[in-house]
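After the structure tokens below, expect a handful of questions from me.
Chain IDs A, B, C, D and E follow the sequence of writing; residue 1 opens each chain.
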Amino acid sequence: MNEYITLSLILFTIGAVGVLVRRNAIVVFMCIELMLNATNLAFVSFSRQHGNLDGQVAAFFVMVVAAAEVVVGLSIIVSIYRTRRSTSVDDASLLKS
Amino acid sequence: MKTLITATDLPPIKAPEIEYALLGPLFIIAGAAVLGVIIEAFWPRATRFWTQVVVAVVGIIAALADTVWVYTDLDKVDADLVARGKVAAEGALSVDGPGVFTWGILLVFGLLSMLLFAERRLEGGMSAFTGRAADAPGSASEAEAIKLRVEHTEVFPLALFALVGMMLFATSNDLLTMFVALEVLSLPLYLLCGLARRRRLLSQEAALKYFLLGAFSSVFFLYGIALAYGYAGSFELSAIDTAVSNRSGSENMLLASIALIAVGLLFKIGAAPFHTWTPDVYQGAPTPVTAFMAAGTKAAAFIALLRVFFVAFGGSQWDWRPMIVAIAIITMFLGAVVSISQTDVKRMLAYSSIAHAGFLLVGFVGAYAGVAGSDRVTSVSSTLFYLTVYGISSIGAFAIVTLVRDSGGETTHLSKWAGLGKKSPWLAGAFALFMLSFAGIPLTGGFIGKWGVFSAAYSGGFWWLVVIGVLVSALAAYFYVRVIVLMFFTDPVGDGPTVAVPSLLTTVVIIIAALGTVGLGIIPGPVLDLAQHAGAFVR
Amino acid sequence: MTTFWLLAPIMVIAALGLLFARKAVHAALALAVVMISLAILYAAQGAPFLFAVQIIVYTGAIMMLFLFVLMLVGVESSEAVRETISGQRLFATVIGLVFGITLVLAVGQTVTGVVVGLGAANENGNPYGLAELLFGKYVLAFEFTSALLITAALGAMVLAHKERLTPRHTQADLAARRMREYAETGRHPGPAPTPGVFARHNAVDTPALLPDGTPLEESISPSIVERGQVRSGFDDDIDTVVDQLATDEQRDSDGFGGEK
Amino acid sequence: MFDLQWLLIAIPLASGALLLIWGKEADRFGHLIGTAASAASFLFGVVLFAALLGKDAEARSQSTSLFTWIDTGTFHVEMGFTFDQLSGLFVLLITGVGTLIHVYSIGYMEHDPRRRRFFAYLNIFVAAMVTLVLASDYLVLFLGWEGVGLASYLLIGFWQHKPSAAAAAKKAFVVNRVGDIGMALAIMLMFAQFGTSAIHAVNAAAPGAGDGVATALGLLLLLGACGKSAQVPLQSWLLDAMEGPTPVSALIHAATMVTAGVYLVVRSGGVFDSSEAARTAVMIVGLVTLLAGAWIGCAKDDIKKALAGSTMSQIGYMMLAAGLGPAGYPFAIFHLITHGFFKANMFLGAGSVMHGMNDDVDMRHYGALRKAMPITFATFALGYLAIIGFPGFSGFWSKDKIIETAFGENLWVGLGALLGAGVTAFYMTRLMMMTFFGDKRWKDDVHPHESPKVMTYPLIALGALSLLGGLLLVGDWIVEWLEPVVGEGEHHELAIPAIALTGIITLVAASGVALGYFTYGTKPIAAETPADSSVSVFTRAGRHELYGNQINDAVVVRPTTHLTRFLVWLDGKGIDGFVTGLADRLGETSQFLRKPQTGFVRSYALTMFGGVAILVLCLLAVTLA
Amino acid sequence: MILTILAATPIAGALILALLPRETGSHLRAKTVALGVSLITLALSLVALAKFDPESGGYQLTSTHEWISAFGAHYAVGVNGIGITLVLLTTVLTPIVLLAAFGDRLPDPRSTNAYFAWMLAVEGLAIGAFSATDAFLFYVLFEATLIPLYFLIGTFGGPNRSYAAVKFLIYNLVGGLLMLAAIVGLYVVSSRQGEASYLLSDLQDLDYSQTTERLLFLGFMAAFAIKAPLFPLHTWLPDAAGQATPGTSVLMVSVVDKIGTFGMIIWCVGLFPEAADWASPVIIVLAVISIVYGALLAIGQDDIRRLIAFTSVSHFGFIILGIFAFTTTSMAGATLYMFNHGLSTAALFLVTGIMIARRGSARISDFGGVQKIAPILSGVLLIAGLSSLSLPGLAPFVSEFLVLAGTFTRSIPAAAVATLGIVLAALYILIMYQRTMTGPLKEGTEGVTDLEPREIAALTPAIVLIIGLGFFPQPMLNAISPAIDTVMSHVGSNGGKSDPAPKSPTIVDAPAEEEGGH
């Protein structure tokens, strides 16, 4: 069991670091997806640990939510791209201090 | 694995029991939202705007009426627990006093915000939202869209979805539903943030930031849920509570879960160090959306926070209370201090909302649940009242922000507000009133709210936190007072600000907010009793 | 277990690829690797339904969406190596390590208790078990995910879809309008003649000549007419050219860019 | 009838208030009202005094309470008055001399546009002074005490347009306030100790309170008395007070107010009798002031200041006498009364001289005025003879008794007093010589002339009193009269017969006169004051009032000024600076804390992630460790 | 009921003024309305006074209604002798201030309505605070007075007004918020011991642990010490008074700041007698420092208004000293001092305000010889000044002496040092008088004309009261004393701190009582 959770945590951490170091909004978003996937792995593993399917249901919900989120996120990114011709998150820094 | 069993061999799945009567308000709002989407598809453009407004407003009013009905109908389940209400929808929701009270205030915030959404007089007959979000700012097609006066009437169903998400969030009884609710409330808000008519770049930037950070935080929240599940084997708050009480499972997992779940919720209420999105998003978003967000999200998220921590993690409160204390102090202090050097009204209000999150956390950390048979102000009731007052004042303040304009739309730079009191004393007076309420000056609702949360903290044994709280309040008062100085005691620069004459909608919002702020300060009794009557969370 | 130990390094490497790939597309592919591997792990852990959904929804739909958008914004775009925010990478790494190590040590290595396994839960088949929960305990959440999906759809429409504001003009519409104008204002329905027709020059500033020799002003670009540079077709062109050459010489000797 | 003794106060007070409020219309006759009020008060005083004479010795203390002034908790003060032998004498002195001075002022202030106001102030003074002496409670006494201080302030500064007058007025008030600390603390001590501040009760209880309390009380009262009576070390204001119009100097700063300190000590006989130390202190203060005043009197060329120095000196005598205990009290009062007569006489005479000399006060510009102002000269001479103790004159009797009693107490004190008598004779002779004899040293435009009758008649009256004041001692009348109030003094046996001592005193005075005559009467006097460098150290010190102002400056004024400046700095930069500094730091903190808000979404995420890591770490720290 | 009406009348007047259309002409309407309202209030307060029984030490004219039941807060009003004294002070001073303010030149002439409305609001709230017998109500009104004053200073003050206004507000808010913490604590303590209630009578019956009581006391005291300004928390006052109009200054220093000292007696000492006893040494030291420090700083000021502000610091030192000396004498003196200081400071502020307005400068060094051209003005200034230096025969003397005499029985050093204040008082007043009024007429001062009839009418009542109460303080003391006795019966560790008895009481009574006829 431990190894699954450990893997999940490693993936999660890698995803989190990815969010911090990548500048392309789409890649940043992919990193978030990676984190979601890592979470799903945890859900599924815990589901097996506890012997109930709630975790799997949760993973299923996460997938649906992720789908919706991706749509919204990508459309926001696209609309910004149309305006700025850039997908770098660093360029969007007018609002500050 | 018997994956290949044919369907007929399986026992039928039991139909779920849904207490429609109890969940009426949720379904009304959801229905109104869906209706809005349908209208979007089929209704003629000419009258679509007002139809959407009517659907939204009527829907909210109906839901509000239903909420009142539900609230009065809640039964006293257990006299000892002083909790009223029941767990509904197969354990997904707990329709209890605090939850339904939150529905009520959320619906009121929603209603007021819808009125602001519907204001069309300020932009020469168009709403505050961009006509066609897909156009690049400044492009010819945008000009065409403006010429043809197209509007995104989708904002109404989107706001209604967010509203229903908030309501769901506040009453979720299991973490999974809570997660879904979190997303339901967040996604529309991400979208709404990017739809400002003026200053499109800022608006889009706000949407992007809100979205990325929101998604980032909700992943942590989700991982927290996973760990909680790993700990307790269930998503239900009461089951987690049982596990916590029995101390079964790995302590570490519980603690990590608490930390991560806290992150997601603290992000939504804008507590430090998860507040960084707040100023940018508040500033960039269209002002009516900011108003809606500031009032609604904070209320929903706070009640969810209280619910999770009191119901599920109540048994390990000695573990998490120090953490919340630290966060409360940092949040109050940071919000109050940084707002001093702000030059933009909306940013200042954002930092102020951070500071208020800190004050609310002070009440939360008291974790005072009251004793049976006593009328004492509890953490829950004081938080409910504070949220009510803060929301009302906030909406009022943002409504006024929409009225102070120059040729480029709203003029939010504070220097442009100089001398407003001379030009338009009533408006400036109302804004000053909201500022005083934020500062917690007596005879305004903010004072009673502060009193409540401090008393809860005090009851919970944190008198020294109360002292820190009042000192930070004084700091915070400094910048509210500065705005008043600017409006009333400073001469306007050049021509000074222009105050647009709003339609009845915004006027009504401001008047209601002002009356509410004063009313809650002078006769807080009814609302306070209502909050008090809400009792504890059901488990 | 074999599956796990086989896949785990691959997944970690792929995930790291997400961190280090310069090009977004490579990152997307790395992510796809992780996702597919995950799907296999799901299957290995008694979640066949999720295995399918992971492949279909995640890898099939979501990843495709990412790739679509990547194509849209330019697949060649790649990040500069230089970090713009000072200390960002360092802090990100440090905090990531702290966070990861803490959690791995504290949580990942301490999962205790018996692994119950899903035998009982999957008694009637995994999809059935899930369905029982989805339509029972989690029915409300399930229903409200629809709100999520509607929002997503609505959002995509709002942000990306440009509604036509004016009806599209068909060819018939245009022809009808042209004839109507001809009838009402006498505007010529056909295409305008090009400059220089029948004229001695076919330069753009030389009006076409009608059969009767009269110049046709409409054949010249309105901007030229505006500037008064229309050449009359009747002047003695040679003289004009000579004059012009003289003027040019004059101008050259005056120096470059002299006044006309 | 004694129930109406408050009328003694009310009449002049009402008149004063009336004159102040009435306004310009009263300018024409205001002085008459003022004088009439004072006279009425005097007449009523005479009537009461006569009534007192008619009573038995035991019934001669007539108390009355007008109303309860203050009553709260344990603190009870009646607005009560006592007309007894002592206060009766004082009332007569105050209102009598006061009335004469009122009359005199009609002439003296004739051309002053604010004469009405002057009379109002004079009336208020009379009222306050009478309150002081009639009071049956120390707090009521304090009311009168401060009332006369106020009147003194107003009158010294009457010519407000002169900065020196305004400064002198302020100085008088402030120095008096220093004395008032003593008074106030004394009353508080009485209250704490005895639960009352009624004069009668306090004096009755003082012997039983223990030596320490009595000494403390006595010293505190002495401090008050020093302030009011211009005794060392609070003497410095009196010479400056000569900035006021001369009638004021005569009434307040010679005849009445400045003697209030003596009155206080005598009144508090019970207290001083219980404390040897306090009494000794009084004596020493009196002796020192006696000599210091005389010294100053020798050196001043300003006629009023010379007289003021003399006043100090004479009050020193009274103080000395009062310090001698019951034996000295009657003589202190006796000298007080005679001094009231002759000093008022001389001050008014000086005023008359100034009136004729265009308000020049420098004696070096006088000379040979006896011809130009015969009446003034004659009356002044009577005063002169009285003060030097010319046998038969009032001062002879009173001073003689004091010196005699002093010798009875202590030889050195007696010798000091004797020396004082000699010096007095010297400086008074000097004054006489410089003013009325010798050459004319008048300024060119000065044409001395005799004053009008309204001024000379009071002079004549006072001259007569200076001559006849000694009659009070006939048959030891005043001693016996006062005995019920001040107690019976034990008589020390002197080493030599009293008559011999009188002879010695007269001889000493005569030698003083001779010295004065030979120094100033036989040689021409420079019309300009010799420079400080050309005079003896003694003269220089005398001119500078024994450096009293310099000492005050160095010890009190300058340190206070520096302290004030420092505190202003401290308040602005320190206390307020701390707060504003805090506000500034807050602003800086604010600027600093907004820096992380860089606008980069990734750094926001980093902040969040950092927060997450810290949260997790903190929560897990316990179990990890 | 009468108290409610009393407090509501000025508030209603303020609302009426706010709703009256702004005038462009003479503004006489707004002014008369305001004055009329304040006179009606005065009349009502006299009615209340008539109904008040001075013999009783308890609360009278009470009325109690439930207000916020969840907090246990009541709308409860009532006055004892202390309260009615201060209510009277408020109602007497307001008409004077308003009448004197007729001539104030406002930065924006259209704001007359607001100016007078805010002043009336101050009056109403102050009356409310003086008559509240519920801690919560008191707190609310106490804090609410900040708002009108804030606007009065900030809108109508001198060039540096917004700094002064903010400083005023923040200082007082810090104190007020600390008090809020204590108010919250009271609730918690109260609700732990049964039904939560903020009623004064209920709170007095509570049992506090020692630490709790002390902390709560400090919370209350912080607010009051800032309000009343006690060294070293006084620095807001000179700035505020230096910038505000004279009328505002009077309302602030004479009336509203009294809520601080009033609160010390009624709330600090009344609710936490043991803690008050515990803290009294420190407070007495601070009070004595205030007395001397305020006076010394007053001497060092060149700005007349700042000077008066510092004199007030000194005087508040006396009041606080009197309260915490815990003798009936000193406490009664302190209470009377509140009234008298109100009068004398009002007279000082108003008359110097007139002077300053005419000269266009508040610097002492810009004046000189005014007496010559404005004798009435200088006379009034002198009387006001003399009352400020506690000349016997003027009202403040009685109170100051009672304070000192009472203190003396408790602590001789404190009384002795405080007595130094009377010398310093003479210095600061007389130096100011000397520099402004006497000497040759200074250039630029010619414009200082004498008082007009209206101004005389405004100042006369104050002067008359100052003189009258100097001789006849007894009616007030009669009302105050029973209330003080009640307060005293609570102070101290074992229920009631008695006055130190005279060490050697007199055998004979005062002769006046023995033989004199009354």
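By our rule, contacts are C-beta pairs under 8 Å (C-beta built on N, C-alpha and C of every residue); 3 or more make two chains touch, one makes a residue touch a chain.
These numbers come from a predicted model, not from an experiment.
**Q** Quick one: which chains contact chain D and chain E both?
**A** B
**Q** Quick check: more C-beta contact pairs at C-D or at B-C?
**A** B-C
**Q** Using only Cα atoms to place each chain's centre, name the chain farthest from chain D.
**A** It is C whose centre lies farthest from that of chain D.
**Q** Averaging over Cα atoms per chain, report the distance between chain A and chain D in Å.
**A** 95
**Q** Quick one: report the Å distance separating chain B from chain D, using the average Cα coordinate of each chain.
**A** Result: the chain centres lie 78 Å from each other.
**Q** Between chain C and chain E, what is the separation of their C-alpha centroids in Å?
**A** Distance between chain centres, rounded to whole Å: 73 Å.
**Q** Could you give the separation in Å between the centres of chain B and chain E, each centre being the mean of its C-alpha atoms?
**A** Each chain's C-alpha centroid was found; their separation is 45 Å.
**Q** In chain B, what residues contact two or more other chains?
**A** 133-134, 176, 180, 183, 187, 190-191, 194, 208-209, 212, 216, 227, 230, 252, 255-256, 279-280, 478
**Q** Touching two or more other chains, which residues of chain E qualify?
**A** none
**Q** Mark out which residues of chain A touch at least two other chains, giving numbers and ranges.
**A** 5, 12, 15-16, 19-21, 23, 28-29, 45, 49-50, 52, 54, 57, 61, 65, 68-69, 72, 76-77, 79, 89-90, 92-96, in rising order.
**Q** Which pairs of chains touch each other?
**A** All touching pairs, sorted by chain label, are A-B, A-C, A-D, B-C, B-D, B-E, C-D, D-E.
**Q** Which residues of chain C touch chain A in their complex?
**A** 4, 8, 11-12, 15-16, 18-19, 21, 24, 27-28, 31, 34-35, 38, 41-42, 45-47, 49-50, 53-54, 57-58, 61-62, 65-66, 69-70, 72-73, 77, 79-80, 83-85, 88-89, 91-93, 95-96, 99-100, 103-104, 107-111, 113, 115-122, 126, 129-130, 132-134, 137-138, 141-142, 145, 148-149, 151-153, 155-156, 158-160
**Q** Chain D touches which residues of chain E in the complex?
**A** Touch list, chain E to chain D: 171, 232, 235, 293, 296-297, 299-301, 327-329, 331-333, 369, 371-372, 379, 386, 391-393, 397-398, 401-402, 404-406, 408-409, 412, 415-416, 419-420, 422-423, 426-427, 430-431, 433-434, 437-440, 471-474, 477-478, 480-481, 484-485, 499-518.
**Q** Help me check something: in the complex, which residues belonging to chain A touch chain D?
**A** Result: residues 16, 19-21, 23, 28, 89-90, 92-97 of chain A touch chain D.
**Q** Would you tell me which residues of chain E are touching chain B in their complex?
**A** Residues in contact with chain B: 67-71, 108, 139-144, 146-147, 150-151, 154-155, 161-162, 165-166, 169-170, 173-174, 177-178, 180-181, 183-185, 187-188, 191, 195-196, 215.
**Q** Can you name the residues of chain B that touch chain C in the complex?
**A** Contacts found on chain B: 1-5, 10-11, 13-16, 18, 30, 33-34, 37, 40, 89-93, 132-135, 141, 144-145, 148, 150, 152, 154, 157-158, 161, 164-165, 168, 176-177, 180-181, 183-184, 187-188, 190-191, 194-195, 227, 230, 249-250, 252-253, 255-256.
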